[in-house]
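Naming follows writing order (A, B, C and D), and every chain is counted from residue 1.
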Amino acid sequence: MQSEFAPVLLLLVATVAAVAATYGVAALVRWAPGVLVVDPFSSGMAPEEHAVSRHHVRWYTVTMVFLAFDMEMVFMYPWAVVVAQVGPKAVVEMFGFLAVLMVGVVYAWREGTFRWT
Amino acid sequence: MAEAVIFWVCAAGAVATGVAVFRVDSMARATFALLASFVFAATPLLLLGLSYLGVLVILMMIMEMVVMAIFMIMLMMNPAGLMPMSMVHNRRGSLAIAVGTFVVLGAGVLLVDWPQRAGTPPEDVTFALGEALMGSHMLVMLVIGLGLFATIVSAVVLAHPRGRYDRFGDDLRGRPADDPIRGGVGR
Amino acid sequence: MDLMRWSTPRVLVVPVRAGRAVRLDVERLMRERGWESAASPADADLLVVCGTPDADTGAAVDRVWNLLGSPRARADIPVRHGVAERLDRARAELGDRPGRPSGRTSGRRRPAPGDRPDDSDDDTRTDHDGDVAGLPMAERAPDRDGLTLDRLHLTLGPVLPDWPAGLVVRLAVQGDVVQTAAVEVWGEPGGRWDGPPAAAALDSLARLLSVCGAATATRRARRLRDEVLAGSADPAALNRFARRLRRSWTLRWATDGVGRLDGRHGDLTGDATQRCRRWLDVVAGSPPVPGEDRTAAVLTALPGLLEGQELATVRVVVASLDPDLESSGTGATS
Amino acid sequence: MTPVGQGAVWTVLLVPILLGGLALGGASFARVLDARADGRRVTGAVLAAPLSATGRLLVQQRRAVVASDRLLARTGVVLVPVAAVLAALVVPWGNVAASDLSVGIVWFNAMEVVTWAALWMAGWGTNSVWGLVGGYRFVVQGLSYELPHMFALITVATGAGSLRVSDVVAAQDGLWFVVWMPVAFAAFLISALALSFAGPFDTATGRDVAGGVLAEHSGVDRLLLLAGRWLLLAAAAAMAVALFLGGGSGPLLPTWLWTVLKSAAVLGLLVWLRSRTATLRMDRFVEVGWMVLIPLTLLQALVVAVVVLR
């Protein structure tokens, strides 16, 4: 493969092999084979229900603000490479772009988005 | 040769995990099957030499799928799939749309006269992308910036249960803010 | 294999009311030997019960004992005599025996033929009640904000590391916010604490520091406590410790504004930071504020302080109030 | 200093070995700090404690909670160490990089984000409240540290005018980036602790939730999670050296040794910070991440961008 990612593939294979070897060694030296199936730890009480249910998170608006803000990374990484060549225009444009997003973040902050409500 | 093998493995993997999204009962598994599908789809970009785009797709998709998992599990019935359920609705209609789309795209692949490459790819694709963004595609970026700003504001307006009037009182002078759980800045 | 002999065990310490003397000995020996305190049964291979549990607590301890994977060992230490020997014996047991028969299950699954260990995913079966693997799915209930959400039940105590002995708090949580909290006290109290007040303050502090994630400060607090109890504590070291913790802004951040009680609560007044500071004052040598029936006040105030809070603050609230159930007679089993 | 070059293919296999050694050293140092706080003597057994703990976990029986999603849980467990090693791929050791990707900085970023998914899966997959709460806590931690982390990376890329780690090292010939990007360096160190859920950022595995994500993992599964955490911290420390501390540059000693020494120093600093702090609760940190760290790192990026223009 001519791509520069050939070492990635090699390392991925090597690491997965190492992890598999760890599991293999563990299987050999373990005193008790198999998987012990237990109740979830509940301070010594019997569990009352399965824990995997609809889990309501109180910070879901943070995720949306994050996704929007995060999109500017798509532009900012290539921007970092060219900023020295393109000149002041690039800096003004990018930080104008970021300033607009930051206004959005400050607005969200004022509305209490970054708090557990 | 190696490239072809990797491509086909990724192609098969992307389809298989894509199918898994609709076959598994658990929302968590469905989300991460979709993530796997995206990662398989991103790998051919790396093969094409589009290093930045390929890695970026992996990066973005991980973050986005984790966020999606949060919403899937918050909103869907029985997210762990411990009760049997189906992810498929309107079987006949969706089947028709899927087959139709596949036929159209497949026909396009086979029938369209693909153009020959004019010119050569740039030395550094990422650099070229940056130049395009800062030059000819500046307007696109600015529009997207405003779009993202609008997204932030509308997401907060629509989704946030408590606003500034709840926090600071009707005259917006209440300090510190009245929140059920306090935060890290400004008490 | 000898792999178990080299390593230090990880110990799940079960404090029992009236077992404080044993617990203090056990914790001192663990510290001296470098045995670590486990955070959950999965983390542990040694279960140490400090004191004689009542029937209910005993059943809870047995249930937790069943959660430990092999190799495992257990030391029930009812009285203060021979603590070191009992720990040694449990340690040896851990290194010698080939462990228990494999493949014990939770009892919620159909028994596998021949009690075979089972590595497949077939423990998720729906039976006719709509239960999966013997447990129901979560029910919905109205929440603080007027929504109807899935609700999970969670019990803190009696078998929980860094938790006041005998206290049981039953929580209903939605997401990670507590909706309801009910407090119970299990077991019978022991005698009054007759050690130096600085040691009591350090003992309480260690629990608070541990649930705040200040691992090194926890170790230091326990070490100083043992030194105070042994009479070998250096006042300068105690002062230095108190001064350093007062300056720690991460600790202040973890406790500020948490579990605030207003007026008329004696040494409980204020938030977790203020209560922590009062312990630090005692550590540094000032006499403790005499509180009349502090424990009862804590138990009354606790549910109100926990409801509506994020799960992360629950442990901090409890640890900062630290009802002294080990010696206090308040609240029989309710 | 000789520029960093792409090593032979086999050098890739050195990455896990070097990283593992560094991680082991960090874990040993943590045990030493623990022993000193406990008032124990620092013996060979204390130094070797991470190894003996590994042995203990290999011997220990594996367990799973009834009706848990073992496929997801195990995938998550395995992904943590794998992502850590892959992230370290782009770190140059002296003047040899196992793989000098043209987008090395983005690659590090992408691999580090894998832990979001991995920890969430490892927590959710256990079907226990503790695991669930821990997994969600890590996601919200990610939402708060990730943007400052990215801005720190972008600041470095701006300074070097490249996303290639070897170019970043070359650009620091003469003046290390830490000198004129101190805020980015600080943000990177904070996010190094956060991405490896260590130190003040260990809410996901906090003792207040009985170990959180770790609560129901034992045996070899637990070993891989804990090892992955140390590998991540080591990878972030090594990356900090390449990005801010001039990589392998230094007098007298060979460059690879300088890289190792500097990485060990940064790792030591992180481990020390980890031992000295209490856990930062996420209900507090989210707001700080967004309203303090992001503006600060943005200002740092602006300063660097203006300097780069000259």
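Please note the rule applied: contacts are C-beta pairs under 8 Å (C-beta built on N, C-alpha and C of every residue); 3 or more make two chains touch, one makes a residue touch a chain.
Everything numeric here is computed off the predicted structure, so don't read it as measured data.
Colleague: With centres defined as the mean of C-alpha atoms, identify the chain lying farthest from subunit C.
Modeller: When every chain centre is compared against subunit C, the largest gap points to B.
Colleague: Across the interfaces C-D and B-D, which one involves more C-beta pairs in contact?
Modeller: C-D
Colleague: At what distance in angstrom does the C-alpha mean of subunit C lie from that of subunit A?
Modeller: So the centre of subunit A lies 31 Å away from the centre of subunit C.
Colleague: For subunit B and subunit D, what's the span in angstrom between their mean Cα positions?
Modeller: Each chain's C-alpha centroid was found; their separation is 26 Å.
Colleague: Just give me the whole-number Å value for how far the CA centre of subunit A lies from that of subunit B.
Modeller: 13
Colleague: Could you say which residues in subunit A touch two or more other chains, in rising order?
Modeller: Within subunit A, the residues that touch at least two other chains are 4-5, 29, 31-32, 34-39, 41-42, 50-58, 63, 65-66, 69-70, 73, 77, 80-83, 85, 90, 105, 109, 114-117.
Colleague: Could you tell me which residues belong to subunit B and also touch two or more other chains?
Modeller: Residues 28, 51-52, 56, 63, 67, 70, 73, 80, 82, 124, 126, 161, 180-185 of subunit B touch two or more partner chains.
Colleague: Can you tell me which residues of subunit C touch two or more of the remaining chains?
Modeller: 1, 3, 40, 42, 67, 69-71, 99, 102, 105-106, 108-109, 123-124, 132-133, 135, 137, 145, 152, 154, 160, 175-176, 253, 310, 313 - these are the residues of subunit C that touch more than one other chain.
Colleague: Can you check the complex and tell me which residues of subunit C touch subunit A?
Modeller: 1, 3, 40-42, 57, 59-61, 63-64, 66-67, 69-71, 98-106, 108-109, 116-119, 123, 132, 135-139, 143, 145, 147, 149-150, 152-160, 163, 168, 174-177, 310
Colleague: Where on subunit B does subunit C make contact in their complex?
Modeller: Checking each residue of subunit B against subunit C gives 78, 82-84, 161, 180-182, 184, 187.
Colleague: Give the list of subunit B residues in touch with subunit A in this complex.
Modeller: Subunit B reaches subunit A through residues 2-3, 6, 28, 46-47, 49, 51-52, 56, 60, 63-64, 67, 70-71, 73-77, 79-80, 82, 124, 126-127, 129-131, 133-135, 138, 141-142, 144-146, 148-149, 151-153, 155-156, 159-164, 166-167, 177, 179-183, 185.
Colleague: Taking the complex as given, what residues does subunit D use to touch subunit A?
Modeller: 9, 12-13, 15-16, 57-67, 69-70, 78, 81-82, 85-86, 89, 98-99, 101-103, 105-106, 124, 126-132, 136, 140, 143-144, 146-147, 150, 154, 157-158, 161-163, 210, 215-216, 219-220, 223-224, 283, 286-287, 290-291, 294-295, 298, 302, 305-306, 308-309
Colleague: Where on subunit B is subunit D touching in the complex?
Modeller: 26, 28-29, 32, 35, 51-52, 55-56, 58-59, 62-63, 65-67, 69-70, 73, 80, 82, 124, 126, 181-185
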